[in-house]
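This structure is in structure tokens; I'll ask about it shortly.
Labels run A, B and C following the written order; every chain starts at residue 1.
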Amino acid sequence: MAETSSLTFRPAPAGLADTVATVVVWLIALIVTAVFVWILGDIIWHGIGQISWSFLTEPPRNAGREGGIGPIIVSTLLILGVCIAVAMPLGVGTAILLAEFTSSDNLFGRLVRRSLDVLAGVPSIVFGLFGNAFFCVYLGMGFSILSGGLTLACMTLPILIRSTEEGFRSVPNEYRMGAAALGMSRTSALIHLLLPAAAPGLLVGMVLGMGRSIAETAALIFTSGYVDRMPQSLHDSGRSLSIHIFDLSMNVAGGDANAYASALVLIVILLIVNSIASWTSDRWLHKRIISL
Amino acid sequence: MSRSRSDAMLIWTLRCCAGIAGAIVLLIGGFLVIESLPALQHIGIKRFFTDASWHPSANASQGTFNLAPMLWGTLLAMSGSVLLATPLGIGSAVFCHYYAPPMVAKFYRKLIELLAGIPSVVYGFWGLVVLVPLIRQLEPPGPSLLAGIIILTIMVLPTVALMADAALANVPSHYLQGAAALGLSRWGTISGVAFPAAKSGIVTGVILQTGRAIGETMAILMVCGNVVQTPSRIFDPIRTLTANIALEMAYAVGDHRSALFVSGLILLALIVILVSAAEIHSKGHVYG
Amino acid sequence: MTSSQNGQATIPPVSQPQPDKITPAPFTIGPLEAGPPCCTPDPLIHVQNLSVHYGQKPALEELSLTINRGCITALIGPSGCGKTTFLSCLNRLTDLIAGCSVKGRIIIGEQNVRDPNIDVRALRQRVGMIFQKPNPFPLSIRKNLDLPLKEHGIKKRGEIEEIRETVLQQVGLWDEVKDRLDAPAMSLSGGQQQRLCIARAIALRPEVLLMDEPCSSLDPNSSGLIENLIRQLSQSFTVILVTHNLAQARRIADHAAMFWVTNGSGRLIEQGTTSQIFETPADAITAAYTNGRAG
């Protein structure tokens, strides 16, 4: 990214503005790095001691001050599963329509794009409000993993669609022309040629969406709920890892130790997920999908 | 057109998918409006700004519903963090492109991406256990507008940094070569050539970052103290609209619940305005 | 595949001497010296008043042309004069280009190509196309050939295998790839890829082959191979060849059509047998172009 437009400058006699700018820019970089190291260091320092196999598998005891996060990890995975299962087909379908079957001046396509742009900016707490009103109350699902997963599915759709679309756009047009010239239907060109070729974009979108979902708290408080028991079905309330951290630090005095450990687990999961996404997009898409 | 039958079926399936995906925003807006209606009817828009305080109740006539302090909280925290994060973010992008050696730039960019990926609840937690005690030593009580601004700054900085980075990467290198050929200094090149060329992308980044700052909930809820008041100093605790929803939704019923949806509607409206601004500014290619 | 399968056994083959090894022994009808090889004109493709616009921008205007069965017709002219656009009209690939509008009449055999109700897939089976840049699918060599066959309802394994071997032999690729049919097509060299694309196209037994500068992205060696192949294919197919290589057009084409840009859009300025176009052109521009003085 940078290499294309960076330049080596001759060591010219620097004016005052130039010197000041250099100092300021380096200072900014140092401050940002320092803050980052501080946050991450703090969490690793305090969290690493708590982490053990039993912490990852045992249920929480004494409101989470003791015990582990076993059921919470299970709930998190279930919420994630619901989210992906719903968002995937919907998102991929939309992305295919937008990338393959819609010209840029098509009204329907433009409307869908516009509304997805807005959707991407909707604050997560608003998703929470909507999820509560629609899934929990209106559709009668109550506080449940299902409600939480569905709310997250709405939230992750924009990033999933954008990235999948990017995947399709990176497929060379020769494949489409070649398939058409051989009299192949668009459906089979899609299944046999475009979908496999666009798979990296799909993967990146899925992984970024997962990352977003794992990190989410505000949209889940009023949809999947707080219950920290092992969920028995998708209709049970389940507490996600992020809500667990929130609850331990805000509502449970003396919960900081386990909150640190849970935060460390969450960060490690996200690190893995985001590395997969960025590796895949660097390797296959040659374009970074900015996830904001 | 003479499409085969499977093609026609496929296209209709895809259209359904896109229709649903596109309708979610409308569904969200619709539900917020429907849920807000009781409050808008029983309380009225005016009372949200003129009531004596925020002491909501299930019955409109028994409570007071002044949202203004929380709107102020949201706006102050947002503007503070945007003012801080914009120079820091642009500085970060400039550092990556024009100052850092390639290895350092690569490392720094990864670091910014990592920062963008850290969940808000973790920032909030760190703010609660590290930042707030520090501010308390400086000036009690600790949980404050300042804490909120600092945490928000760290959180939204990656947005503008990554957008500015992408925009600077798209500045044609012959512009820079031209500037270098004219003997412009490094800063002269950046401020005179690179910034104007990358302006559009940077502005879009700032707009999106503002949206994030408005919508952020958990971190701000954890470090701001959540006292409903219009702050007079930077060390005063505040409550934002988002935090208010998260705090009270659990037990709100009747008109109180409805009033929370009104604040959700306000947030949604702010976001729609910002996204439209970004779209108009970047002519529809917000996410390049 | 033999020519009889295409019902084209009566078509006179090209008459030039073909010393090349991949060329089967030619049987010749008619005197060798008597003008162009397909001297019995049997019109297959009629194009009348064809105009194409991309958005507001005209690409081709008022083009009328008749193409004879069993001939190689070369389309010559400078870049951007609508030759590729013309090819895309014949198999309706223009449908895929956003903002492209086509006017005029195109008849291939008895079929009205521009009829919105025709089966485009069947049309594209009848009218195969080879692109400038070899475009094999990112699949195995085998799948590149099988996929279009299955798509057109040839599902029996034995039949597919037979066709696969026949066409690969026809393009002279069989010996090179028979032991590695499951290798990715992208691992082939450029020339091999192009021959695979030709094999893929003729596997569908088309009547017409549209070739859009099939040699231009290849080295001279592969280019020569493809050229011989085209000459050989013209015994079974009607070939329309876009080429910038005038020597090539002269060597292998029976007919030639000269395109030129006038008033910002492509037009057909002259057509005739290759010898007419190259030796006694009626149009001054054609004369200049074929002599290397224009374009």
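The working rule: contacts are C-beta pairs under 8 Å (C-beta built on N, C-alpha and C of every residue); 3 or more make two chains touch, one makes a residue touch a chain.
The model shown is predicted, which means the values in this text are computed figures rather than measured ones.
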Centroid-based (C-alpha) most distant chain relative to chain C: B
Interface ranked first by C-beta contact pairs: A-B
Interchain centroid distance [CA atoms averaged], chain A/chain C, Å: 50
Chain A and chain B, separation of their C-alpha mean positions in angstrom: 16
Length of the line joining the C-alpha centres of chain B and chain C, rounded to whole Å: 57
Two or more partner chains touched - positions in chain C: 95, 120-121
Residues of chain B touching at least two other chains: 3-4
Overlap residues in chain A, where contacts from two or more other chains coincide: 185, 188
Chain B-facing residues of chain A, complex: 1-7, 9-10, 12, 14-15, 17-18, 21-22, 24-26, 28-29, 31-33, 35-36, 38-40, 42-43, 89-94, 96-98, 101, 108-109, 111-130, 132-134, 138, 154, 157, 161-162, 185-188, 190, 211, 214-218, 221-222, 242-243, 245-246, 249-250, 256, 259-260, 263, 266-267, 270-271, 274, 278, 288, 290-292
Touching residues on chain B, where the partner in the complex is chain A: 3-4, 6-7, 9-11, 13-28, 31-32, 34-35, 87-88, 91-92, 94-100, 102, 105-106, 108-109, 111-126, 128-130, 154, 157-159, 162-163, 165-166, 168-173, 176-177, 180, 183, 185-191, 208, 211-212, 214-218, 221-222, 242, 245-246, 249-250, 260-261, 264, 267-268, 271-272, 274-275, 278-279, 284, 286-288
Of chain A, residues touching chain C in the complex: 103-104, 172, 174-185, 188, 192-193, 196-197
Of all residues in chain C, those that touch chain A in their complex: 91, 93, 95-96, 98-99, 120-125, 128-129, 131, 133, 135-139, 147-148, 151-152, 197, 200-201, 204
